[in-house]
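Labels A, B, C and D are assigned to the chains in the order they are written; within every chain, residues are numbered from 1.
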């Protein structure tokens, strides 16, 4: 059980506590969907961005498949056909409806999917209360995983809604406008770390994903880390200095991407009559250039760092540097849905605001072992071609993140709320 | 005026008659949409198939642009942004939202588009009643065109809904099941025509599209025409005889399409445990093999004809043969949404059931002249690479079709309700 | 025999005459290849342009397959593997090496292919002298066809060498420079034709391709035809007037091609510091703007005609107008490899200089019947999506062309030496 | 100088020794090309495989650009246009002819390129003898780099010739047949390593590439390494056990590649009537299944390891394990052009036979610093998305490899002579 996915004990084992957590996470998903029209739930404007409807069906499928099907006496699926329709990538569970065709499903309608959610929720609650004690530890562990899984899809909902809305020339707003932040970003400072043989990975007493384990030793050279993320103003300097026209600043694959995609700025930026604007979940906005730059790819972050004579931190450096930094920041609970300018201090923005790109390829930790069966497909099979991001963002639930948490995306992807912080040798 | 599009006089010039026609066609569109969920209105599952929502906005855009903008005093658009969003291909009117991205528009929602329809309808009705007499002939002509335009989109709605639903593994039904037709197709007979110098094109007193004009002389050799369309049973013989595996039966471009698309049967056929089934607007159905084969491309019809030792008729032969055949048949008003087996007789199914593929490339008639301005883009610019179809189908409004009517599709397209009838020399 | 391909009697039946014709055409092919390096024979820089080596092997394969295999006692192929390797598109003969991969064949080397040519030639000559009288009519007919086939590939050799060389930044020259033509194009004049019921198609006593038959009646409206082809100077006016920026001038498919391919000028034009230049078989050249424009697609010709308020002639109009025009002009025998400015007169350039684009889709003539077997694949299966060109060009052998000759290309293709002449109604 | 690319001292500084090394490497390139026809030099059958002609021009361009242009008084290029034509990817040097279009260059002919080689060689020899002492250290360092660069292209020549020939249905042979190896692979044994804090990277006194530096400490867990590479027989077991049909064995990106590319076996395998055959530089061969499997991608090696319950070694583990293993093996000097079965012993095949795939992403070593200028583009900019291979192959020059040598390819590439060795924890 402990090796299923959450390689450690779940945070909660008391049945009532699990039930409350279950309800809280499920209601949070509902809250995210509240401003959406039925049509908004349905569209898919890129292969990588799923319809909102699909997310909320899939997170229900997860509980139906791994809790109900495994533990409910006399289990009958809500709808046999959903097994394929809402399976994301679990080969062990069977066929999947192809990802780029999720937007082809006008049916089941959102009303029908809400009925699906309600039905499965009700039955999961029963399991929580009535499952025999022998099954309970496994069930508790899987529900924990299911809730963290749903939190990941909550973040994906924000990402995908933002992307889908950005593709509409009339620029719909998911949320209303807020007064523009007026804070200024503090000057950049550097904090030095001695390195040496350090411990990396999760070894505490709560939940974590299997890719954070096992805790192991890594040798790190002395390094320095910037006190805050790179701002939009700083990124504009790079752009104005010809960053997107200078191939020697870029990794070879990065430059190929710049040329193929005709990149001239981060995702969601457009240049209008009055200068640059950015698309947000509140529609098109003027810039507050002291905000951290967001929606840049690994390639862009890497090119900026080369231009600045610095580099990105490794994920080990980042994790080591985060030791002792309180897990506080601008998370989704703030309701801003945008990063904020940094606060003064040596280590601002380590958590929240933007996921921080690192230079580390997403690889298994030494002696990492994926679980057997479907849940073993959760993380391990993605360990190629992607890079690690750390620290959570303004659309991540606070309870979802840890210092050891490893997020991962392809180096050309940009629709995650991601930015970066510079590092330097010695 | 006469040269606008309808090259001849409109059928109706009385203001009340126009108003009634306007209301009738608009309500028919509403009727087609009645069974749809908001999600069904929104999806686009192929570049060629537009969302239902788009069709009903675009047909409103047509009246707003060509009636209100031209004739309404102090015209203000309902929403400035719709000018681009719902322009299909009128370069003279300005930019267009790209066709393959029509499914990216969750907003405006269907409710908002219904408000758009209601607003424009109300204002058009006012124009009909109040426009000065000097403008009226042009307005009447344009409304006539707009109504025929909307009828074309009514047929496209059926085509696109069918295609979109077919892409959903759960196979939604647009309409309920009906008892299976039990008629048998009569044996094939041939009717001989002498040919000679014949008149082709529209020259009567009602509405027609400009591509049906001018009426002109064509010299035709003697030929024979089959008494009915090729049936699904006959097409199955071709398939069972290796039709899709025999390159020598196909045009070169046709065979390339067979290989690239991996065609093994008409569109919407699938082979299950109990033999072939077909997808219809009533969901997956068993075959009634005496029905005409439908949803075959020009390439498939041409290959079948070669296999059968016959050929397709030219559009001139078809039009000449239709002289004196009453304009009756299985049109959309029947509500079947499927073709029916042929009736006995020398010339069954000439109108209705399925659009009939001809061997004629879609080219301008001698001395054809497209109108100046936007409405001149209606037909003329499509006169390359397409083939002509004749006679209307089971999803065409009866009032929309004429013997001289020229429909056109690319030779690899299949989602129109189209079949074919054989011809022979001499 | 008569229905094989050449639907009529071959021009030559005397064995010695056939032998001389065979040698003359084969030596002409050798002459075209004389300036090529082994590397030039091998490359393929576009799917549509075959390596020179492939052409000279394929024209030998044609004789080996249709003469030797059919009529040589105890036939053994020169190399069994060439049957697939050098089959172009004859499904009846069996598999084909894929066209886009012809450039993958470094072996057989050009030396080996020359040995293949020599061997097959020797054996064909023996057949010509020794075949029994009963076989001779068929053999003579097939050799006639084989020689016209080889002449088509001679023209393709020029087209493909030009295209391949144009793709090389160092712009190799196939032939040396010549003094620039100094003639001026005469002012455009119009010749009127009454039309009426005219005869179209070949019915004389020599060789023709099956697609020129049967001769049949066509009704033509009165029309006028320009006295010469459109010149480069006139085409420049169209360009300078924004021709490539004005969507309303274009067929819908044409405009899509302009946008996708980013067309700004005819193929082989480039704009350098000193104005426009064009690539020719003699390398990069300054313009002689009185030359007919060449290497424009059907779409470009059609857009120009619309801009000019005229249209392209139909193939019937062109053929009818050519009656009585002597079959003389600037053909390949001139050795110029470029078109020349028109001569004064009512009907200059009808033959030679540039293939003339017509508005006619390439369709079968009434009662056209392709032959049975492989040779029936020669023309018929290409009768969709292409347009007809007439009159031959500066790289066509004089003996290859007739007034009834129907050449055909796709409407977006440009690498043929093709231009156009305007027509008008009435 | 030291930081140019070779981060350490060149192996040779004596002018005569450099001159001899220069001649030896250049003559080796000539030797590889000896069996080629002019046509073989020219073709390009995949974007990743360059024409032989291009390789031998580019390796000359390297010396012309980095030696002659920098150090020859009054330097004039052999041909101005070659600067672009034969630049591979050095953005600092300027434009490059696009890689996928290298096969479009029939000119310059191979004869002309041989003249280019001879001219540049002669001039480099002069520089070697006559350069002032102050320049000499830099020149010696760059020539050293140029020779290692040319050795890399020697290996690419073998790879690309093999690939190009494999695409030809007649399967040309680069070299004659040899007697089939009869050795049997010894049973697999495991050697255990304690791990701990180990030193990784080059720190000796000769030449190395910059990506092997700086030497640094890495903490390794205890592990075991197989005594030899996985054999073709063992890989066949994986295939016969459904390896290519079992998605759960594969990385997600790997499985997507299997499906898209329709992989069923390693590259160059085909299944004929008598079982599996493989394409080699000696043409199609029956298998010697005790040979190491070769031409498998990282994805296939990773899937095999998962199937076998093992894993691939990291590059650190491999390098650590190679300590003390003599740098001997089946290199190109053997002339076999194929790997050999393993020899008995604890650590067979560590060098030569096949490049060994590791699980390590190709990333910069801590404090890695690419050089300034064009030569800094040599390695650093490829440090994303690729995986590291170690140990050299049967087509690698013996003098080219080191224990610290880091080769790298994309995880879906297979045309390198690459295989793999298993590792295990503890």
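Basically, a contact is a pair of C-beta atoms (placed from the backbone, for glycine too) under 8 Å apart; a residue touches a chain by one contact, two chains touch by 3 or more.
All values reported here derive from a predicted model rather than from experimental measurement.
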| message | Under the document's definition of touching, what chains do subunit B and subunit C have as common neighbours? | response | none
| query | If contact pairs are compared by residue number, which of A-B, A-D or C-D agrees with B-C in over half of them? | reply | A-D
| Between subunit C and subunit D, what is the separation of their C-alpha centroids in Å? | 47
| said: For subunit A versus subunit D, what separation do you get between their C-alpha means, in angstrom? | reply: 37
| said: Could you work out how far the Cα centre of subunit B sits from that of subunit D, in whole Å? | reply: 59
| field | Touching two or more other chains - residue numbers and ranges from subunit D | value | none
| task | State which pairs of chains touch, listing all of them. | result | A-B, A-D, B-C, C-D
| request: Can you check the complex and tell me which residues of subunit D touch subunit C? | output: 37-43, 45, 53, 81, 84-85, 97, 101, 103-110, 164-165, 167-170, 172
| query | Contact residues on subunit D for subunit A in the complex? | reply | 89, 91-92, 197, 216-221, 247-248, 250-255, 298-299, 302, 359-361, 363-364, 366-367, 377, 381-385, 411, 425-426
